[in-house]
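Just below sit the structures, each encoded as structure tokens.
Same chain, two partners: chain A is paired with chain B first, then with chain C.
And now, the complex of A and B:
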């Protein structure tokens, strides 16, 4: 029993880091510009297919492909920002919800037309890592490590670089930041790009371990919402914590009850947090 | 977080949930290789010669909708049978009458309501003498009501559910092995391989079909003295089976049975392998017989799965003789060869075979009855006990389960590595086996 619990907990944490990374993309965008990016799920799916295509047709190592997808994700994010978000940035919340939802529909529509809704697999394996008391597929461990590394890099960027400082300033108070000479539109575009990049990286990492389809991003988007509320809206570190909690729930709950109870528990927790502590565990951005 | 965001956020979440639900449904209808729709029109009618009688066979096909691919294959099989029989000069009765067959068919759009309308039309307007079922258990259940109402004999194919034959119907006969016996062959094989195997874990998709199959298999396992150490359903959209695999490993079963459809089954097999789980015996529904299952590579090795029919199945006149049964119709080789020749070398799926088998069953009953009188044919169907390329065919004649297939057995296939290539071998029943089963797998 103890051993199952331990194995399940580690398994949960491994996938939880990746959930957290996906949620960070959502929460970063919200934290900086008060926009809920409804295209988050399809962007995760684009990350998945980016890695799938680079791996399958160019034979690239999937983790190298994740790095390329990250770069493409950043560029795509900036483009989406200028096309769909910039002009509604100061409008009421509904406008940005609708405009990002349109982006969502466009990606899903084009994706379904080109790739159908069939499942694909990145046929890649790093063998099984066996420590005696714990076994896991090597790719799963590698994906989690890359997710952790990405999180660390994000923090270094936000707290140790000038553009990172600008992003935090704009998030804190856009008007003051503009008065200080920070080019807020460019910084917002950058922040949106990084948010999208995180989504595509998370998608790419998921593709290395689980089957994918163009609609698969939806379930990770849902998880991201739960995580973001758990950890605190607009708080990237909270997103990581929320991801780990969600992963733990998914790992440990099935030890005690049927796996079909997992979503019930997740969403009950979601509603409870909204009712009892709407600012999330670590608190929302100030 | 500020209060103004709570309401939009909840709305968004609700909307996403709804969308996810819709898209989930869409995802299950993954398109497969298209196949040209089979001609549903009858071959051109010849001027009726003296004493020639044309019998109308009515059925619907799902030319559109979610059952399109499988239904089209089934219709292709049925049409193949009809062409074969008509080309061979029809069925000759003892009084010299020659029976030729003519198909009347409509598109049911994979829709239950259309099925009922159309079977009524077939029974009344088209005066169908005999009926063949549509594809799928759901549509067949709808068609069976009409067949019974008008008293027209119907052979069902592509429909495994047991429920249709427990309604007290008297004119409906099932060609497929019923769902309740899908996994019992795997349990038989396990008992045969390892008398010490005692613990079975059932892990199955939470769908009507898979749940029904697994509940029946569980009852069968318990009756045979097995200890069911895990009996758990998973969501049809499940992509990550790690939590379940941990549970399986903790329960240390001798065999893992279950699965549901293609996607979940192949993902489950892949993750079991990647996780390095110790598996002695595994049998999954639906996924393993599909040729694309081989894409799993090493993860596919040793996986078994039940199939209604396989081109490699060795049902032959000799096997029939050995079993003391009458043989009827073409051999599996002849059937496979004819299909391949007409379809660019593609192997016939069991849907095609099922369509052909339904026609053969009807043809045999007409020959035995020596008449096309409905009562006589029903009597002959009740007495059917024969072997065809599809397998043994015999119907339950009790009042509770009338028409349920009790002769036909599922074939159990296993993926094995032969000379660096993955091949699908038949490992059960022993009479039709093409290779020795691998046990334990790893």
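And now, the complex of A and C:
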């Protein structure tokens, strides 16, 4: 029993890091511009298919493909920002919710027309890693490590580089940032691009370990919502913690009850945290 | 009696009535009845959601949860308890209203994006819960035996009965929506939409007003859910709690004009008509979601007030006619 529990917990934590990475994209965008990106799920799915296509047709190593997908995701994010978000950035929340949702519809529409909704698989394996007390597929461990590395890079970027500091300044107070000479529109676009990049990277990493389809992003989007609320909307480090918590729940709960109860627990927790502690676990009291 | 003949109420009701009798006038009544059913149901659902979304400014993203709750309650009463459709529909409406009231006490404290997220969470929690409830059929849902329709004089008669009930409900929702908009209560709601703190200072008892708006906007989807799934013959969690479906209602409201009586009626009709046209056209068949997405984007970016809002802003004469 103890052993089963331990293995399930580690399994959960490994996938939880990737959930956290996906949620970081959502939470970064919210933190900087108060926009909830409802195209998050389809963008995760695009990341999945980016890796799938690069791997299947160009024969690239999936982890190299993730790096390329990251670059494309950044560009796509900036484009989406200027088309769909820039005009409604100061409008009431309904506008940006709907404009990003329309992007969701467009991506899913094109995606289902071209790829159908059937399942695809990145046929890639790194063998099984055996640490004596614990066994896991190598690709899963590698994917989790890449997710951690990406998180570290994001933090270095946000805290050690000038554009990163600009992003934090704009998140803090856009008007003051503008008065200091920071080109806020460009910085917002960059932040949106990075948010989308994180989503696509997470999708790409998921593609290396799990079967994918164009609608699969939806469930990760919902998980991201739960995670960002757990960790506090707008807090990237909280998202990582939230991801780990969600991963643990998904790993451990099935040991005790039917798997179908996992989402019930997740969403009830989600609503309760919104009600009781909307600033998240890590957030300070207002 | 004088208020009944106001154009603000008369126009949307007239639209619904004309569409409702269309299947009787056209030759092929079965297929045009089905088309009109979808159209009129959308109008009723969009108008209900408009009460909390358009008047009060609370974005209930997962509003379909009430459609599903009502649908399940009524369907369960029909198949397991052998109830007649009429009390079952009322039960559906009652359950939706009750749950909206209980939830409203809690989640209506949240504002803006937080409220929108919470409604998505509630919807997904409810869906996941129903999948785990064996007495509601779990992931497969419930099915109704075909012989159930005999009670109402056969399948054909049942379909017509459901159709006219839907027409009646759509008119009822429109009337309720109109009276809310022109009442002091509605004025309070719109004050909340513009500035909740200011509304509170001006004497609007905001928690009570919001909760009532939420309950009123939930009760009709609950009843409609029962009619819809009774007509369908089965109910399953995927259909009853489909997030996408409730976002379509928001698109309809935005298309017609949020916070107007006529807007959701017009938007619901146009959206469903467009959708049907796209679905049957060979070029756009696969891309109907893309077209709908582009349409939504254009509305949100360039005409955020919707068709009616845009027309009202253009001329004072139209402002007197469109409510």
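Here, the second predicted complex is superposed on the first by the 283 of 286 C-alpha atoms of A that agree within 3 Å, B and C clash if a C-alpha of one lies under 4 Å from a C-alpha of the other, contacts with A are read in each partner's own complex, and residues count from 1 in each chain.
Heads up, the rule we're going with is that a residue touches a chain if its C-beta (ideal position, glycine included) is under 8 Å from a C-beta of that chain, and two chains touch if they have at least 3 such contacts.
On a predicted model such as this, the values are computed, not experimentally measured, just so you know.
By the touch criterion defined above, A:36 lies against chain B and chain C together after alignment on the C-alpha atoms of chain A. Contacts of A:278 after superposition on the shared chain: both chain B and chain C are touched.
Using the contact criterion defined above for the overlaid structures, shared-chain residue A:185 touches neither chain B nor chain C, since it reaches no partner. In the superposed model, A:15 makes contact with chain B only, not with chain C.
Put chain B and chain C next to each other and count what each touches on chain A; the higher total goes to B.
When both complexes are overlaid on chain A, the residue A:95 reaches chain C alone and has no touch with chain B. Shared-chain residue A:106: touches chain C; no touch with chain B. Of the two partner chains placed around the shared chain by superposition, neither chain B nor chain C is touched by A:173.
In the superposed model, A:128 lies in contact with chain B only, and not with chain C. In the superposed pair of complexes, A:259 makes contact with chain B only, with no contact to chain C. Common to the chain B and chain C contact sets on chain A are residues 36, 93-94, 97, 108, 222, 225, 229, 233, 258, 260, 263, 274, 278.
Per the touch definition, chain A reaches chain C in the complex via residues 30, 34, 36, 83-84, 87-88, 91-95, 97-99, 101-106, 108-110, 112-113, 222, 225-226, 229, 233, 258, 260-261, 263-264, 266-268, 270-271, 274-275, 278. Residues 1, 3-6, 8-10, 12-13, 16-17, 19-20, 23-24, 26-27, 29-31, 206, 232-235, 237-240, 242-244, 246-247, 249-250, 263, 267, 270-271, 274-276, 295, 297 of chain B are the ones touching chain A in the complex. Chain C meets chain A in the complex at residues 53, 57, 59, 61, 106-107, 109-110, 112-114, 116-118, 120-122, 124-125, 127-129, 131-132, 139, 247, 250-251, 254, 258, 286-297, 300-301, 304. Across the complex, chain A meets chain B through its residues 1, 3-4, 7-8, 11-12, 15, 36, 38, 41, 93-94, 97, 108, 116-119, 121, 123, 125, 128, 130, 135-137, 139-140, 210-211, 213, 215-216, 218-219, 221-222, 225, 229, 232-234, 250-251, 253-255, 258-260, 262-263, 274, 278-280, 284.
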